[in-house]
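Below, each structure is written out as C-alpha cells.
Look for chain A in each of the two complexes below; its partner is chain B in the first and chain C in the second.
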Partner chain A sequence: MGGMVATSEQKVGNASVLSPTGRVDVETTPPLQERLLPLLGTSGAVVVIDFSGVTYISSSGLRALMLGAKEAKAKGGKLAVCALNETVAEIFRISRFNQVVPVYPDLRGALTALDPAGVGV
Partner chain B sequence: MLIRFWGTRGSLPAPLGGAALQGKLRAALRKASGRSFTDDAEIDRFIASELTFAERSTFGGNTSCVEADIGSDEHLILDLGSGVREFGNRFMSGAYPGKKKVFNILMSHPHWDHIMGFPFFVPAYVPGHTIRIYGGHSTLDNAFRRQHAEPSFPVDYSQLGASIEFVTLDPAKTYDIAGAKVRLMRQHHTGDSYGYRIEHGGRSLIYSTDSEHKFEETGDTYPFVDFFRNADLVIFDAMYSLADAVSIREDWGHSSNIIAVELCHHAAAKRLCLFHHDPNSDDRSIAEVLQDTRRFEELARDGRAPLDVLSAYDGLEIEL
Partner chain C sequence: MILTLASSPSTVGQAVEAVRRFALGSGLDEAKTAALGVAVDEAVTNVVRHAYRGDAGRVLTLALSVAGDAVQVEILDHGHPFDPLAEVTAPPDGGAEDREVGGLGLLLMRELVDEARYIRDGDRNKLMLRAFVRHSPARREPGAA
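Moving on to the complex of A and B:
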C-alpha cells in the first residue's frame, strides 16, 4: 500500500536537508535510507529531514531514522527532523521516536538549533 | 473457542502495591465526591460506568498463562507462568465437570517467567492426572526438573503425582492436540521461542509472545504475516515501545504495539490483544498504550478493514 517517495536534497550552510514526500513505508524507505546514511557517514555531518511533504511513516521509516541517529552518534554528527504533519507527529509520539530524534516545528528552527552559523544566527 | 487469560505480565510477576491501590481509591473518591448511593448495586453501576478500567481494576500481575477452551474434553493451556496457579485452583474447585483430567500445555519457551507457575499447579501433584507438555524445544523437561530441585524448591520433580509427558513438536508439521489443529513457528528470542496457531471450529488463535521482530522484515512477504493470516485473535508480545525495542532494548527478544498493528494489518487479522506487559508498567501506562495503539491502528489502516485492539488482563475472557 506504499507510494513513491521523491526525496529532494539541498545544502543550507553546513547542513544537508532531505525533503521526502508521500508515504514513508516498507516499500519506500530503502531509497530514502540510501540517501540518508551516506550523508551521516562523514564526521560531524548535520542532516535535517524536512517532513513537511510526508503524509505517513511506518516502522520501516522509523527504523531508517534509528539507523541514522546511531550513525550520527558514532560519527559525532547531528540528525533532526522537522515540520511533521499531525499524523506523523502522532506516530512519533506513540512509537516514542520523539525521544530518539530531535523534532522541530519547522526547518528554520531545526537549522537554527543544529547549525546556527549556517543560518546566520 | 473461549480464551481465558490467567497471566498476562512479562518477565516477572508484578503485584499491585499499596501505593497503586491508594491511587485508585483516590481517583474513585474524587469522582464520587458529592454523590450518594442508596445500595451496593448503585455503587457497582457507578464503578462500571464512571471509573476507567485502570481506576476500577488492574491488568494484573501474573506471568504468561492462557487457556484455549475449544469445548473438547481435554484442557489446552499456553505457557505455565504464575497465572497457571489460579487455573489449577479453579480446576480443583470443580469448575470443569465435563472435562477429563488431561492437561495439554503448549510452551512458548522455558524461560523462568513461562514455567514458574508449574510448582504451584496443584493438578500436577494428583495421581491419575495426565499432563502433556508440548514445545519446540527438545530440552523442556530439563527446565521443569531443575526448578523443582534443591535448593530452588522443596518438592522434587520425582514426587509429582501426575503422569507427565514431554513432546517435542516440529514447526514443519501440523498437529491434532486436544481436538485442535496446532502449528508452531520459531521466533526470534534468546534461546528461541515458538508461536502457536490454534484452529478449531472455523476459528483461529495466534499466541505469539516473547518474539522480537526486526522490522525491516515486516512487509507482506514476512513469514509471520502468513502465520497470522486471517486470525480471529492475535495475542502478541507488545512489551516495549518501538523506540525502546530497537534501541536500548534491541535483542532483548520482545516487540512493540507498532509492529503488532502492522503485522496484523498485513495478515488481515481481526483482533489484536496486547500481551506480556512490562512489569515496570502500571495500570495507567498500560491503558495509555492501549489507547495509543488504537489510535495508531486508525492512522495505519490505509483502507483496510478495522482491526479490533484490546489489552490482555488477568481474568479477561474472549469468545471467538
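Moving on to the complex of A and C:
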C-alpha cells in the first residue's frame, strides 16, 4: 500500500534517531508509534525524530508525539524533533506543539542539545 | 472534479493525494497545497469518525473546483448532523504533562485554510474549505486605500 510510512532507525551516541518519510497521518502513525513508545520505555532514553523526509503530520501523528512526550517524562527520558518543513512547522505553531516537544532546526542541533557526549561536543 | 470515497480511514490518503494533484494543477503553491491537504485529511477523518461513527460501509463525496482565485474542496456526507467548526477549541498551553491526548484535528482543519464553512443541507453535512491561490483574503494590495 502506498500510504505506509517507511521509518529508518539509527543509533548516534546514546540517542536513537527515527526518520519517517512521507505523510504521518491516521494510516501511517500506528507503525511509527509502535517503534517510538518502546524506545522511550527504557529509563533515561534519548530519542530524536528527524522530520526532514516528512511531508506533513496530521492530528493522529501529533497524538503519537504527545504519548511519546508523556512516556519520556514518566521514564526520565528525552524526546525531540528536528528539521520540520514549512507545513509541519505551521502545524506545530497552530497546535502549540513546540511546548510539548523541543524543536531543533537540524539533527546535529538536536543531538548536540540532548546528547552532547554522543556527538563529541 | 467529483470523487466518491468509502468512509474508511484507509481512503484518507487517497483523498489527500487527489486534492494535492488538483490544487497544484490549479496554481496553488506547494506550502498552501500541503496545508490544504492536512485540512482535508482532518475533515475526512472527522466524517468517518463522527458523522458516520466508524461505519465503513458508507460513502462521502469530495467536489473539487476553482472558485474565483480559490481552490475549493466541498466534503459531503449523509451521516449524523455534525458541524465540525462548532467543535473547534483553542489549543491548550503547556507541556505534555498538562495536556489531554487529542482534540487538535478540527483546530488544524480550520486554521490551515483561508475559509471554512459548514451547512446542514437537507440530510447532508456540507463542509467547504477554500485556499486562495494568490493572496490571503485579509491582505491588502500595496498602495490600496
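Methods note: the second predicted complex is superposed on the first by the 119 of 121 C-alpha atoms of A that agree within 3 Å, B and C clash if a C-alpha of one lies under 4 Å from a C-alpha of the other, contacts with A are read in each partner's own complex, and residues count from 1 in each chain.
Note that a contact is a pair of C-beta atoms (placed from the backbone, for glycine too) under 8 Å apart; a residue touches a chain by one contact, two chains touch by 3 or more.
What you see is a predicted model, and the numbers here were worked out from it, not measured in a lab.
Q: In the superposed model on chain A, is it clash or fit for chain B and chain C?
A: Clash.
Q: After superposition on the shared chain, which partner residues are touched by A:K73: those of chain B (first), chain C (second), both, or neither?
A: So A:K73 only meets chain C here.
Q: Quick check on the superposed pair: does A:E27 touch chain B, chain C, both, or neither? Answer first, second, both or neither.
A: Touch status of A:E27: both partners.
Q: Go through the superposed model and pick first if A:V54 touches only chain B, second if only chain C, both, or neither.
A: neither
Q: Who does A:C82 touch here: chain B (first), chain C (second), both, or neither?
A: neither
Q: Report the partner of chain A that touches more of its residues: chain B or chain C.
A: Touched residues of chain A are more numerous for C.
Q: Of the partners chain B and chain C, which touch A:V100 in the superposed model: first, second, both, neither?
A: Both: A:V100 reaches chain B and chain C.
Q: Tell me the contact category for A:L62 with respect to chain B and chain C: first, second, both or neither.
A: Touch partners of A:L62: chain B and chain C.
Q: Looking at chain A, which of its residues have contacts with both chain B and chain C?
A: Common to the two interfaces on chain A: residues 1, 26-27, 56, 58-60, 62-63, 66, 87, 90-91, 94-96, 99-100.
Q: In their complex, what parts of chain A are in touch with chain B?
A: On the chain A side, the touching residues are 1, 26-27, 56, 58-60, 62-63, 66, 87, 90-91, 93-97, 99-100.
Q: Can you check the complex and tell me which residues of chain C touch chain A?
A: On the chain C side, the touching residues are 9-10, 12-13, 16, 31, 34-35, 37-38, 41-42, 45, 91-97, 99, 101-102, 104-105, 107-108, 111-112.
Q: Which residues of chain B touch chain A in the complex?
A: For chain B paired with chain A, touching residues are 215-216, 218-219, 241-244, 246-247, 256-259, 262, 292-293, 295-296, 299-300, 302-303.
Q: Quick check on the complex: what are the chain A residues that touch chain C?
A: 1-3, 23, 25-27, 55-60, 62-63, 66-67, 69-70, 72-73, 85-87, 90-91, 94-96, 99-101
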